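Quick heads-up: structures coming right below.
After this come two complexes, each holding chain A, first together with chain B and then together with chain C.
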Partner chain A sequence: MTSPILTLKDLSIDFPTPGGLVHAVKQLSLEIDPGRRVGFIGESGSGKTTTALAIMRMLAAPGKVASGEIRLGHDKTDVLALSEEDMRKARLGRVSYIPQGAMNSLNPIMRVENQMWDGIVAHEGKTDLAELQRRSDAALESVGLAAHVGRLYPHELSGGMKQRVCIALGVILTPELIIADEPTSALDVVTQKHVMQTLTRVQEDIGCGLILIGHDMGLMAQSVDELAVLKDGELVEHGDTRQIIENPQHPYTQDLISSVPLVGGPSFLSPAVSAPASQKEGPDPLLQFRDVSKRYGDVTALHPMSFALDGDVPQIISIVGQSGSGKSTMGSLMLGFNPPSSGEVLYEGKNLATLGAAQGLEFRKNVQAVFQDPYACFNPFYRVDHALKFPFKRFGLSQGDDHTQQAMEDACEAVGLDPNLILRRYPHQLSGGQRQRLIVARALMLSPKLLIADEPVSMVDASLRATILKNIYDLKDKHGISILYITHDLATAYHVSDYVIVLYQGRIAEAGPPKQVIGDPQHPYTQLLIDSIPWPDVNRPWGTVTGDADSQLKQLQDHPTMFRGVIDGFSLSTAA
Partner chain B sequence: MGRIPPQYLINRLITLLLTVWIAATLIWIIPRLSPVDPAEIMLGRMAAGAGTVENADQILQSLRARFGLDDPLLVQYLKYIRNVVTFDFGLSTASFPTPVSHLIARALPWTLGLMIISVTITFFIGNALGALMVWERSPKLVRVAIPVAMIFTSIPPILSGLLLMYFLSAKMRLFPLTGSYGLTVEPGWTWSFAQSVMYHGFLPALSIVVVTFGFWALGMRGLMITVQGEDYTKLAEAKGLRPRYILYKYMIRNAILPQITAFALKIGLLVAGQILVERIFAYNGMGKLIYDAILDQDFPVIQGASYIIILMTALSVFLVDLIYPLIDPRIKHER
Partner chain C sequence: MTDTTPTRAEHKLARKMKRFENPWMNPKLLWGAGILIGIIVLGLLGRIFWDPELVFTGSAPLKLPPIGFENLRKQAGIWDFPLGTDGAGRDLLALIIIGAPNSLFVGLLASCVGMGLGIFLGFSAGFIGGRTDDFIRVISDVMITIPPLLILVVFQAAYGDVSLTMMALLIAAFVWQSPTRLIRAQVLSMRESGYVQMARLSGASTMHIMFKEMLPNLVPYLFGSFIANVTTSIVTAVGLEVLGLGPQRIPTLGRTIYEAINSGALIQNLWWWWGIPTLLLAVMFIGLLLINLGLDEVSNPRLRKLS
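This part shows the complex of A and B:
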């Protein structure tokens, strides 16, 4: 019987706030055995990061451990009783932390290897430079990075490389425990798979314990041995990963598992029986790209492509790709925020570049947008109803105050919000999910013909994603609005869309109806994307990757575009 | 790091020259929009001295001819540009016939000495204090510095100067009231002269430091708070680095970068000195020169001094452009 590497006993953490004491973590007890990987899963605010920071004794003020014990290692060191200096030495030396924000975790003005050396020197005192060099090179090599990466500055690395550097840092002093706080949440699926597998491999090599903090059940199923499900600071379920995923006991765990949309899985949507009338007028296509391309300096963000969305029948067209694929560039071209470098963007047959003032206003009313960040979309000075009211009046839709009020209430109800609770609030009083639904409601009030939704759910908690996507789907299904859905999430694209375009480095890799493109991908890039999705199913292993993600992706650049079937009312082509 | 590519240097130099040229042109245009005729002012000054002036019209004409005011504007402009390039700003109209360049050459070292010392001191004190205001391990006393810095920043330097003068000079007789050096010492490279200069410069410098350190301290505090929230600072703590090392290498080193840009812009402006501080301490620097020139409508001196200010600003920005990539690896010598 081995003794646990970490023991949490009745751990409670409080945050005194002006509104009273907030119990962030309540009576949490948990043991982690050496070599085991434990996943802390839960929504934001569930206390998973707070617990991790308490183990490091790095709780942000005024957070405090109210009661309980944290014991580290075989000798059961009482973490809470360590002196400042001993705690400093325990950090990295005995327990290391791999942070969430890979993009920003390294000091921008220091070379990568210097940031590994200062960690060693801080724990072992003055060390010979050649020895430091040897150890940093070895650590970088252990995460699959070349030694010369150490000589670079952080801004010269990709997001995946930075996260690997952080992993190399975390293992450089062979700790007893690694805490990885959502280490891949900023990375795309392909890189996520590489980084996660690197992390689990080095963890196995040094035989330490690992806490993986996250909210993605699929990623957990593929990465950890045990799951600890947290809700509102309480440990609601803890046990073997397989056992919890196959037979979840707590209703919250069941929710977490069932709320993950799966490719080919059951749909979370309930389409209406009768199709609504289209909003469209006139014979011209609603939106059309004519040989549109976009360059930024020497970089081609979007290679020439043409498409026509007729809009006779409302449809959802998904544009899928990794960051940097050109999908958001397409969105801003469609909204006329950005002029194309060549070609024309046409709205009902009229070139966006030459719209008059009145036509421009008409275009703005009829083409609405939902963006990624629901926090940045509201002016914090105004109450929510002002944000809804203003465009409604501005576009001349209001027939008096009562009518405006009625329209606001209807729109709120359409997205499942109670207008009495919501409308008189300030944006900061609402959750991210509520805000994003309000943005959808705001768009709905203007009865647009087209909605451009750019990553509308990537910043809201997993349990709310399905609800918001349902709201968006209803815009098409009940209100006859065509939608361009820009996303990196293949599973949701599979469920909501009528047609899918997979973009890779500004080129169309594969396009067609979702059943073909995502259900049965033929293009190697689409296949790679689908293979990289972690399934919340322990019987469906992730597979192992060889080589590194960057070179794997480079080979795909020149593969020809694959068109996989057509649908009525939408045509797509690349320029000859 | 590494060497500076020649193309980058050339482009920066072109920008520098363009800036100076445009500014010099503006300096030339603006006084010409004013309805004041400098020749008439000089005549007025003569009249004030002598009571009446014979042949007023003739004198006016000869003055205009002497200063080239009769030439077509374009000729005046081209002459001006030629002169400016050679630092020839003509003759002062107030202290006729001293060349403006002599007046500036006499005043500039005093101001540069006073201002470089006081601004450098405030830069270091202010930034160090601002950094310590944020650092969690600072002594509690440092937190008191926040309101103090705010109060001192809102005091005009003329008031701080007068107060210091009143208490330290008039009451306690620790420092001389006015002047740049003692009347009994001979100017020159001697130790006694240097002592006298420092002794006289102390109060003006202190009155500037007292009211300007808050600007840097509060600015630095804001930057430090941002850096404190950065992920790399958190990771530095999680790496078990020593707190002082984190403060210096991770926090101050990053937070100071925008302050250095601000410092470069200040360096240019400080040539003008703290006009009023120099005035009340009767310190013979650029500030006093500009102050007197404005009172006397002494166009050539105003032009010359403004030109020097712009040249200094452009030069310091140019220098910062060159050094910045050495202190921030994210910035490259490009284009």
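This part shows the complex of A and C:
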């Protein structure tokens, strides 16, 4: 029996705030054995990062450890009793921390290897240059990067490479424990898979403990041995990953697992029997792209493409792709926020670029959007009802203040919010999920013909995603609104959409009904994407690291577009 | 819940929390505003309770010291002229009562006009972009490098006597650059923000976006910039007056100092003549500085401390 590498005993952490003392972590007890990977999973505010920072003794200013013990290593060092100097030595040397968004934690004006040398020199004193060079090269090699990468500056590296450099930096002193705080949250799934596999391999080589902090049950299932589920600062469930995934005890854990949508799994939606008719008038397609392309300087964000969305029957068209694939560019072209570099965007047969003032207002009323970031969508100066009231009046829908109020309350109730609690609040008093639902309510109030939903759930906690997607789906199902759903998440696209377009670097890789495109992908890029999605299934092999993610993706660039069947009411083509 | 009565430390913490919640009530801001209001009140009450006619030459004995002091001729201060009189027989208290609000007025007017110009140009540059932006940016960048005093000295020397308002307007021509740059930068970043996009989606007009969505969020910055401009304007105005280039017939703090220097007050040990106006200017600047620091805390929550 080996002794644990980290012991947390009755750990409580408090934050004094204007509203009183907040207990961020309550009576947390946990042991981590050497060589084990433990996942801390929970929603934002559940205390997972706070716990990790307490182990490093790096809690943000007013927060403090109220009671409990933190003991590190075989010699049971009491972390809380260490002097500042000893603690400094323990950081990186014994516990290393890979922060959230580690890509921004590299110094932009220093070469990568110099930053690694700094770490060694700070802990071991003056060291011979050749020795430093040897060790930084070895560390880079251990994360699958060539030694010459060390002589580059951070801006010359891709996101995935930066993250791997941060891992190399974290293991350079062979610590006893690595804490990785959402190390892949800013990366796309393909890179995420490579980085996670690099991290677990390096951890196995060193034989240290690993704490992986995250909110994605799928990612946890495919990479850790033990799971610790946190909710509101309390440890609600802890145990073997397989055991928790297959037989979750706590209802919260069950929620977390079931909130991950699976490709081919049961749908979380319940479609209405008879879809209402669309509100469209006239013979012209609702929205049409005619050889539209977009260039920013030398970069082509979107290669020429044409499509026509008839809108006779409400449909959900999904546009799937990684960051930089051109999907958000498509969204802003459709909203008329950006003019296309070539071609025309037509709304009911009229070119967006030549709309008059009255027609422009009509277009705005009928084409609405839900954006990615619910935190930015409300003006902090006004109460949240401003965002609902203003467009309602502006588009001439209001028949007096009582009518507006009634419409707002109805819309709130339709998305499952209590209007009395929500409408008179300021944005900062609401959670991200509540705000995003309010934005959906706003779209509902205006009853547009087309809604462009740009990553509507990517910044919302996992347990709320299904609810919000259901709200959006209801817009189509109950209110007859056609939707363009822009996302990086293939699993949700599979469930909600009637047609899927997979974009890769501004080109259409594969397009067709979701059962074909996502259920049975033929294009190597789609296949790669689907293979890379982590599922909450311990038995599913996630594959092993095969070469470099970047070079793997580069080969796909020239693969021809694959069309996988057609549906009524939507036609798509790329320019010859 | 425990039912113990809160200790003093808890009371203190609660008070700090309250301050954290409502940043407008921070002590720096209150003290600064108090000082400035004090000066204005001095000007208003002074006109009622003191004789403003005493600012005219020869209305009082010459070179009397303040109460409790003696001048070189062994004359003691008298209560008729509590802060003493200057070399031309003017009462210093009356000079301050008339002069201090005048100096503040020049600063406020110049700053108001400058801010107005700055808001207009900053919004135009940030919102319209393109050529307009280039033009406004280049002009303001060039203007910011020109020392205003240099131009004003030349101008006033050539123009002769000016009124207070005229001087304020001239100074305003040199304080619009920094608000322009500040607002332009904020507008550029806000233009891409979610709520502005949301407003565009709601069919909002450009005017609505500028003044209803963006401007309210700029208020703390605008206040800060305004106060900084008041300070600059007063410094510039006093600088001109001390050089004898301000208004000739209207008493201001700067002009009083100019006359003191001109009449050899330093050699004759008439310290109250130049000392009292200088002290009052210093108090005024401290007040403005405190307001500025207080506003910093309002617009930047990271400066607010719980401890």
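Assume the second predicted complex is superposed on the first by the 576 of 576 C-alpha atoms of A that agree within 3 Å, B and C clash if a C-alpha of one lies under 4 Å from a C-alpha of the other, contacts with A are read in each partner's own complex, and residues count from 1 in each chain.
Going forward, a residue touches a chain if its C-beta (ideal position, glycine included) is under 8 Å from a C-beta of that chain, and two chains touch if they have at least 3 such contacts.
None of the values given here were measured: they were computed from a predicted structure.
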Touched partner set for A:96, first chain B, second chain C, both or neither: first
First (chain B), second (chain C), both or neither touched by A:76: neither
First, second, both or neither for A:134, with chain B first and chain C second: neither
Partner chain(s) touched by A:250 [first = chain B, second = chain C, both, neither]: neither
Residues on chain C engaged by chain A in the complex (per definition of touch): 13, 17-18, 20-21, 193-195, 197-204, 213, 216-217, 306-307
Footprint of chain A on chain B - complex, ascending: 230-232, 234-243, 245, 249-250, 253-254, 327-330
Complex interface listing, chain A residues touching chain C: 16-18, 61-62, 335, 337, 360-361, 364-365, 368-369, 371, 373, 375-382, 387, 390-391, 394-395, 439
Touching residues (chain side chain A, partner chain B) in the complex: 56, 58, 88-93, 96-97, 99-101, 104-110, 118-119, 122-123, 153, 155, 166, 169
